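Shared chain: chain A. Partners: chain B in the first complex, chain C in the second.
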Partner chain A sequence: MNNLLNTILKDTFSVNLLKHRLRILKSNLLKTFFGSNQEELSLCAEDINWLKSIPLPLYQQFDKDNVYQIFSNLEMEISKLKVLTIYLTFEPDEITLSQIGAFARKTFDPTLLLDIKLNPNLIAGTAFAWKGIYKDYSLHAKIEEKKPEILEGFKRFLR
Partner chain B sequence: MENLPIDLGVLIAAAFAVVAIILYLREYNQRKKLQSEGDKFLQQIKEKGWETLNQSIKKSQAILGQAELAGVKVAAQTSFETSKLEEEYSRQLQAVLNQSQRAITASQNQLLQFMQDLQKRSGEFEQASQSSGQERINQLFERLETKLSDFLIQTEQKTTSSIELELKAARQLLDTYKSEQLKLIDENIMAMMEQTLSLVLAKKLSLKDQLDLIYEALEKAKIEKFIV
Partner chain C sequence: MNQTQEVGYVVSNRDFLVYLDGFPSIRINDMVESETSQRGWVNSTLQDKIEVLMLDEGTVKPKQQFKKLPSRLAVSVGDFLLGRAINPLGIPIDGKGLLSKTKADYSELEQPVPGIESRQFISNQFLTGITLVDSLIPLGKGQRELVLGDAHSGKTGFLLDLIINQKNTGVICIYGSIGKPSVAVRSLIDVLKSNKALDYSVIIAASSSEPAPLIFLTPKTAFTVAEYFQKKGKDVLLILDDLGTHAKIYREMALLGNKAPGRESYPGDIFYQHAHLLERAGNFLPGAGGGSITALPVIELNLNDFTTLIPTNLMSMTDGHLLFKAGLHSQGQTPAIDISLSVSRVGRQTQDRVSNLLSTKIRQILSEAADLETVSRFSQELPLETQLILERRDQIMELLKQEPFTATPKPIQAILLALPFTGFLKDKDQAFLERNKKILEQAFLTNPGLLSISRSIKNLKTDTEFIKLLEGAGPVLAKLCPA
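Then we have the complex of A and B:
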């Protein structure tokens, strides 16, 4: 179980991607065990590559009797994982997301998941929400901190 | 002579006529006798009456004389008494008149005295009333002047206070408006600057720079123990 989760988490850093990968894995296994009566998901090349990257022994632990149970346990384990909400000023591609995720896991927790949200008002940098508390580390926050000095500079310039 | 037929009826009628004549004559004689007796009696009575009358007249005259005498006496006495009474009456009337005159004079004098007193008192009262009224008017004017002065001072103070409050409120409003406008201008400056920076940095900031900023933020969060 932990091997499977660790394997999935190894190159999966965001909550959305984790949910997507679990869904395609489950769909693929259900298709394998129960035929094509399940809902068919359209898979892109990246999805197929990811499915292929999963080692065979992990696949072999599934059969048609335990597949639901394993996924149920997996979801329970995933719900226990720590999630850091990170606000970005741009939409990261998968590589960038992997770089950010890898750095975050290296810095905090190897199983940390990121919940990526976009906020262009931050100008540059990022902001976090951790356990319901928001903290802004962006350029916007720095500008707000220096607001009186900036305005004073403007006023001096206008004089 | 021839025999005349004698009738019984005629005889009876003749007899009755004879009787009647006789009776008439007898009655006539009696009446005449009675008349003469009556005349005689009347003459007697007349004579007696004259005599009585004369006596009466005499007596009356005597009485009248006495009466006249008595009347003269009475008249004289009455006249005396009357004059006496008149005199007494006049005297008493004069006395009453004199007394009344004196009483009237006294009353008149009293009335005059009373009127003089009344006039004097009225004058005094008028004088006192005038002075009292003047005093009250003076007091009233003084109070009015004091109250008017107080009222004017209070009004002035209130007006000044009200104007000061209005000025203060106006200044506060102006300050508030000014600060709000300045705040708005500051916010606009900041918004413009942020928008400009956002536009510029979106083009000029590389992915590596973006990632460096994110790594820096993650490390800072770790140092601050925001993410544990």
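Then we have the complex of A and C:
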């Protein structure tokens, strides 16, 4: 696999973050090659640190002529990556995301990406969609499963 | 949603066409539903995505989740459909409330078409009650006859007559209204209701304002409902009004889906789509249900040009066609069928012998008269023989005219067409027939002296015998119809 992509994927676990990082990398390179010196990219400290963390030899492979081609190749490579969709009831912070991502990569696929979706209707727990199969391990599903018993239980308290 | 379910995510979408990723075991004609309850139908499966046609209006966004529905593209069928109007997904649209589904069968819209081993020779005539059709261009039960003509040439009126005339015959009528305005569907229901024809009819309609994929499904649903009644041993009349709109809707869908356009921008498989539909009609053996489906696809022509792609395609996949002309309609000929350009390829084998011989004779006179017409315009005095042919042609054309909402019983049709060959109508002009046609029809139905003639037609062998028998009725008729 592409060396650059491997580097990016090392600490990028979600699809959204991957797309964001690719965009800032591309903007930064385009500014370097084609922009004026006065132009400044409005990036947060986190993004600036990430850009700085990319090793110099990887930056050196880019030039004015190949920058667009490399990015279109990268996008093609990314479209081939496996994506695990996770439905959560909360928005995970970066540490939680990295923990889940690292665990998933270790268990299933070293290049796996996470697609985090919010669904408060799940109440608690999580649901996954993997290769077109949706598996619901949430409290909502458990309640649905045991709906008749729960209703029966409630009925006992009805006057 | 169940604990484990197949899902897919929108990759891209264009109007009602959506491409989804996921669904590992999806098949064509499976149904999918979005989180916002918009249903779609799987039209094709590609290498890395599936193509879905949306049946409900609304916006679909990229990355939206779709789940697979347990049901496939199907409609619930049963006797409860009689007298009702439904949309192609089986939802009632006539405001009469929910369908009673206690005895409902669930039938998929796409089913393998019964092969040759399930079919039998078409041997029974499909009586329309319209003299011109039953005598000159007869239809058989299980035949596919294309109805084509200009706008305002009386096609819809003719089709309504056909349905109304099936009263008390046991024939079930299915009317598939494809992309017509909702007002037209409403008035169709009203006409059928006021003529008490709704009790044995089912209307399947998708109006022009509905999504194209839903309109596209109308003929499939109509055939599925027709097959239900056919499998119960019933004779079914199926009208598809019209397949020209259906072709245009399919063209719209295909162009949106980036399929290569062919002649007149229709996709290459438009012939397959129509042929695949019409092969579902036929006369079936008892093992396959025993009933029959007589299909009448309709197509509206532009400026009477029937040489364009869709009409010629349909002509080649049907067993004949009835060509309606607006010109004839405005001249007062109802039904406005052009006899010389209409054909029935299987109906003649179902006709009784006398009617068959009689219709051959009439066709001969009409064609001779057509040849002589040009000559007659230039000459002052015509030989007697020519005059007789032209006179008979006028008489026949007058006898073939039929008012809307009227049915002529089979024996009366034969009698009317044999009359020009008897002495009774010698020297009588067209105006005489115009005045007395109804009296003649009534006389053969009720007059005790003439009833025996109407009843004996079945036992006769040749048209000459029949004409001789009618000669005997001359004096009675002369009394009834004063000159």
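Keep in mind that, in the parts below, the second predicted complex is superposed on the first by the 148 of 159 C-alpha atoms of A that agree within 3 Å, B and C clash if a C-alpha of one lies under 4 Å from a C-alpha of the other, contacts with A are read in each partner's own complex, and residues count from 1 in each chain.
FYI, a contact is a pair of C-beta atoms (placed from the backbone, for glycine too) under 8 Å apart; a residue touches a chain by one contact, two chains touch by 3 or more.
Note that the structure is a prediction, hence the values are computed from the model and not measured.
By the document's definition of touching, of the two partners only chain B reaches A:108; chain C does not. Touched residues of chain A, counted separately for chain B and chain C, are more numerous for B. Once chain A of one complex is fitted onto chain A of the other, the partner contacts of A:100 are limited to chain B, with no touch recorded for chain C. Of the two partner chains, chain C is the only one that A:145 touches; chain B does not reach it.
Of the two partner chains placed around the shared chain by superposition, chain B is the only one that A:89 touches, whereas chain C remains out of contact. Contact with both chain B and chain C is seen for A:135 once the two complexes are overlaid on the shared chain. In the superposition on chain A, the residues of chain A contacting both chain B and chain C are 133, 135, 137.
Remark: chain C residues 1-9, 21-24, 65, 67 touch chain A in the complex.
Taken in their complex, chain A has these residues touching chain C: 85, 129, 131-137, 141, 145.
Contact residues of chain B toward chain A in the complex are 186, 189-190, 193-194, 197-198, 201-202, 205, 207, 209-211, 213-222, 226-227. Residues 84, 86, 88-90, 96, 99-100, 103-104, 107-108, 120-121, 123-128, 130, 133, 135, 137-140, 143, 147, 150-151, 154 of chain A are the ones touching chain B in the complex.
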